[in-house]
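Next up: the structures, one after another.
Two complexes come next, and they have one chain in common, subunit A, joined by subunit B in the first and subunit C in the second.
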Partner chain A sequence: MARTDHDPKVRRWGRKPSGIRGNEGTAGWIFVTPMIVILGLFLAIPVVMAFWVSLTSWQGNTNPFSSAVPFVGVENYTDLFAKDSLTRSTFMQSIGNTFYYVLLVVPLQTALALGLALLVNNKMLKAKGFFRTAFYFPSVTSSIAIATVFLFLFSNTGAVNAFLKFFHIDGPSWFSDSRGLLHLIFGAFGVDNPGWAQTEILGRSLWDWLAGPSVALCVIIILVVWTTSGTFMLMFIAALQDLPVEVDEAAALDGTSGWQKLRYVTIPMIKPALFLVITLGLIGTWQVFDQIYVMGKGSPAGTTLTPAYLSYQQSFGNFQFGSGSAMAFVVFVIIVILTRLQRWVLTDKDERKPFLGIGGNK
Partner chain B sequence: MIQRRNPVKTIILYVLLLAFAVLFIYPFFIQIATSFKTDPDAASNPLSLIPNPFDLHAWQQIFGQTGDTAVPIVTWLKNSVVITVVVTIARVFLDSLAGYALSRLHFRGRGMVFASVLAVMSVPGVALLIPKFLMVNYLGIYDTYTAMILPLIVDAAGVFIMKQFFDSVPISIEEAARMDGASIFRTFWSIVLPMARPALITLTILSFQGSWNEFSHFLVVTRGTPDHMTLVTGLASMTSGQLGAGTQYPLKLGTALLTTIPVAILFFALQRYFVRGASEGGVKG
Partner chain C sequence: MRAPHLRGVTAFALAAAGALVLSACGGGGFSNGNAPAQNTKTGPVKLTVMIGSSGDAETNAVKEAGQAWATKTGNTVEVIAAADLGQQLGQAFASTSPPDLFYTDASKIGTYAKAGDLYAYGDQVTDAGFLPSLVKAFTYKGTFYCAPKDYSTLALEVNTDMWKAADLTDADIPKTWDQLEAVAKKLTKGKVTGLVIGNDINRSGAFMKQAGGWIVSDDGTKMTATSGPPLVGLQEVQKLMKAGVLKFNTDTSPATGWGGEAFGKGIAAMTIEGNWIAGGMKDFPNIKYKTYELPAGPGGKGTLLFSNCWGIAAKSANHAQSVDLVKFLISVDQQMKFAAAFGVMPSTEEGAKQFAAKYPDDAAFVAGGEYGQGPVNLPGFDQVMAKFNSELAQLGKGADPKKMLADLQKNGTAAIADNG
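Take a look at the complex of A and B:
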């Protein structure tokens, strides 16, 4: 971008044999060398190494690249989907968990962030700064520290259950409750593991797939929504502040209600920010790891397992690095597909400025 | 949303906001209060903000005053401080060096290098855990401070932020300096960097916060013995029950508080830069 602005000058200086841009070529490469070395050594090359490992059955001993390590081709990948095994059923369970997790976290955090942004951005509000700070603060703290606090809040004798007691409700023991939310709802209607739900899909019964997030996973969902909304709120506030005042006034003159204005004026106009928030949400939720590590490592009954954590556990716990790497690459592909899909869905009708998410908003 | 002065709507607005503010802030107050409680008090009065009795045992444990060495939190704190300081300084310097080159210096292959930075940025962190371990293992630096620090001293997102910043400032002052015969590095160091203060502060915050709160990277490049733990990894192992700390909520919440404090101080001191960072570096995994 900046380059085209200055291009005439560049050429002018460039023509002089010993112009002030004479040694820019060397300096440029020297300046970027540390970056290339570090990113190459610890990002680019290792990803290739891991892909190689995902095609082997390396178990963490000796050198993964020696000829002694059996090459198994795509077996680690096909095993995840096609071979009836504990690995497949655990992996599928983690996919199922994450599906419900994403399905709840992304809409909830987006809606909460937008709601808070609209409230904080109100022209008549005093103490804007205070509220913005309060909502944003959880986002900047360590995920591990926050998870520790939530473990206490939701423990059997914790603050949440103490609060529920005011209303004479006996809170569940959150972190050991593996009952699925949808199962609980089915149960309320007297449906419990009926015949039609026995069909097996990818090594799990339909009934298991329909479990919904477990009570324990719901706590993690609440935690994540609570910690990420603040950041996304700031992105929405930035977008709202960029809206021209005239739009507001025109809408007011036309006598639109607050809801109509939000639905037909505000939201369409902040679509790029909405796009960014949903994309970052999708990318982030599929990678949830820290909270899972601290809040039970998959227990109770594997209902908080996620592919990201499972990939770690399979590699560093069970020393099945091949299979663990394969899982990581599957998650990688899922994330790429989802963001592409979401970009396609959101930009289809929106010809104004497609793809503002990465290029324009920064 | 809410139109001209309507008192009922204004009250609803404030009530809503206050309710949310309590929801977002109260857990931190509980955290502070609980760190001064005794174990039984923490369990029986989890909502109360007043420790009864007021008890410093958890903090004495944290600072190693009780003679039990099961949780060497002071060591973790030291590791956290050293790693964060080294990573932040190195990262701010190297990111702005690369960002400057990508924005200003014309060298062959620049477009390709920048495209690679963008590509690297889009790799999700979760796909990097095993790769990082493989490389660290391969280089023979597993379970060392080098392995903890070196991979963190450059981050693609920071380079991107700096490049965007340099793209947005006029080039004329630098050119004047260069005409006067200053070398490229000299111009960068004494003319460009001082002008880039806002971006540098944003980057410093992001780097500090990122490396202080870092978890999964340290998890895969060290063996998990206490001498290579940071506050965050130490707290994680304590919370997930590996160090046999039992429930001991005052101790855990105190350690969590100690983990939160430095970032909190930075946050309240430099809030507007945090806000900028959040909207610029929306790439945190």
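Take a look at the complex of A and C:
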């Protein structure tokens, strides 16, 4: 139907604002201006500047926008992927490390957080407040402090190895053990650097890609899972407390077992919280920095390098800010793609939109 | 929100935001172009000095020295002890007002110089009479950048109680690799390893020098890691490891943080460290030890040298005053005061002579100054050395030194080419 001036909707928008609510829009803009300025100043503009820097070979001491700074186009990006260099192999190693790190941390912390939330949300549990505080405690403690404590716990003569010794197990020297978990498993079956794994992919052999997280990285994984599950537990608790009791009771009447209730009733209903937790987990884990900085700065043998730390090192250690920012943007793209993929997976089949133009219903 | 005058408000808000943002950028963030050759303000100025301090003793000594100069000249000096010097300097260089004066590690000279962060004033202080090996350590592409403030070299520390218990005398102090192996064998007993050293090139590199070579050519234009001597040096280290008389600090049981810790805990009879060992051994007062020059290899005597210089920021507005302060700080008297306060060795020939006379126990460290090799100071080498060190750490687990040197040669050559 063609809209005319008589159409009430059109007329309402076209009318000059007047009366008591007339200046609401103006007021609105004035109110949001401080936030726009702050976000612009500290978020949008630095991001744009960093992107510009990633297209130059800026060395960090003049104005990056002056004509004296050589513009190199996408060279910093292509070097990361196509140029056979130490930067590429280190960057690829950091990507490999972080891939295994994310692969372990995200499912583990989500499962642990959900488990803890279900526990402390249990009506039968006494001293709920105490347990909630206890589980949440690691999250409010400084990550640097926790990392330092872990350095002591997992040192060669630390509490963990002393505990293992009690069972007559010789604990590894955690922070200097660069052997990958998958390599150790392969080794148990007598496979060591076989011929089929020699293919080079992006400057690293397939065997190197298949190393898995090193023993040292596993310590960091344990640490991160332990610290972050508290925060995510809180989100799950909030979602669980929103669930209507009637549904629970109906499920009980239908004779569901505890597992069935969890799988077919509770989890589908807290899907938005699940989505939130996994998204935040994905983003946070790809950006891991503090723990790496405290616990070895990439050693042993570069197996705890992450792109975030490498980007910092490349910029402020080597003064190659262009290459450092390019790494940051590559990680940004990885995070966006993974989040998009994750959203697509978690959406019900009949509501899916195409994932980057592939699949879906429409 | 669509009304015309509202659009005006929006535009105004955005314009205001934009103006704010632009003024913020123009007002503070960056300066344009390169710093002039010499910046000199006249009248009393305030100098900022940023140091990477080993502790209160050092910080206070530098503050005192700065104050003495300030009183003499009518300027003011502020000393900042950085928590992480490298990182804080990196950020400061990006700002308009970096500290005027700062500690600069020899390995950073190329990186800072290439980025244009350093004011090269070496030619103004040459008459101080620095040790030639130090001048070389702070020279990049033919320019002597800054005045070395002190130095240390590696020497052999020997646990005297264990030495006697193994029936060794002063005549047995190793002068050659063979003798080193012989005494290390005698000292290795039960939990004690004859010699424990740090697991990176900053210790094993001494063996390369003793074999008669180094990983980078003298003029810093090409890699010489595969030239022969570096391999001979590493093979000697690996040979001692296979004989069970030498271990890296990370391979001892229990593993230790550095050679000095293994030495202090009594699981190493000898170690190779610099004169900072004195500070480290304060934690282990029961260990008695003596320090000797490192044994010579097939290529003669060799050791590694570590040093910091007083860097002056290219962007500093007070170059003349900064150089004047440096001249004050490197005077023999002042350097001897620093030596007394926190045990560093003076960087000048005259200072080193006085130091050796006053502290005879440290004579071995001073002697190393004659032939010590400074760290690789080329730009872009952080990653290259980190990669090599991570491979070198596996030497005791049977890693092939030939392969790691070949990797080093390849990566280093690429870094030199990239940084031209």
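Some points to look at:
We adopt the following convention: the second predicted complex is superposed on the first by the 310 of 362 C-alpha atoms of A that agree within 3 Å, B and C clash if a C-alpha of one lies under 4 Å from a C-alpha of the other, contacts with A are read in each partner's own complex, and residues count from 1 in each chain.
Here is the rule we go by: a residue touches a chain if its C-beta (ideal position, glycine included) is under 8 Å from a C-beta of that chain, and two chains touch if they have at least 3 such contacts.
Quick caveat: nothing in here was measured; it's all calculated off a predicted structure.
In the superposition on chain A, contact of A:262 is made with subunit B only, not with subunit C. Contact with subunit B, but none with subunit C, is seen for A:276 once the two complexes are overlaid on the shared chain.
Of the two partner chains placed by the overlay, only subunit C lies in contact with A:301; subunit B stays clear of it.
Looking at the shared chain after the overlay, A:64 reaches both subunit B and subunit C. Once the two structures are superposed, subunit B and subunit C can be ranked by residues of subunit A touched, with B on top. Of the two partner chains placed by the overlay, subunit B and subunit C both lie in contact with A:41. In the superposed model, A:29 lies in contact with both subunit B and subunit C. For the contact definition in use here, the residues of subunit A common to its subunit B contact set and its subunit C contact set are 25-26, 28-29, 32, 36, 41, 45, 63-64, 157, 315-316. Those residues of subunit A lying in contact with subunit B across their complex are 1-3, 6, 10, 14, 20-21, 23-29, 31-32, 34-36, 38-39, 41-47, 49-50, 53, 63-64, 116, 118-120, 122, 124-125, 129-153, 155, 157-159, 161-163, 226, 230-231, 234-235, 238, 252, 258, 261-262, 276, 280, 283-284, 286-287, 289-290, 293-294, 297, 308, 311-312, 315-316, 321, 324-325, 328-329, 331-332, 335, 361-362.
For subunit C in complex with subunit A, the touching residues are 1-3, 5-6, 9-10, 13-14, 16-18, 20-21, 24-25, 29-34, 86-87, 90-91, 93-94, 111-112, 114-117, 250, 254-255, 314-315, 379-380, 382-384, 386-387, 390-391, 393-394, 411, 414-415, 418. Within the complex formed with subunit C, the subunit A residues making contact are 13, 16-17, 25-26, 28-30, 32-33, 36-37, 40-41, 45, 59-66, 68, 85-87, 90, 156-157, 173, 176, 178, 298-302, 313-320.
On the side of subunit B, the complex with subunit A involves touching residues 1-3, 5, 10, 13, 16-17, 20-21, 23-25, 27-28, 30-31, 34, 42-47, 94-95, 97-98, 100-110, 113, 116-117, 120, 123-135, 138-139, 150-151, 153-154, 156, 159-161, 164, 166-167, 171, 175, 178-179, 184-185, 188, 209, 212-213, 215-216, 219-220, 232-233, 235-236, 239-240, 247, 249, 252-253, 255-257, 259-260, 263-264, 267-268, 271, 274-275, 278-280, 282-285.
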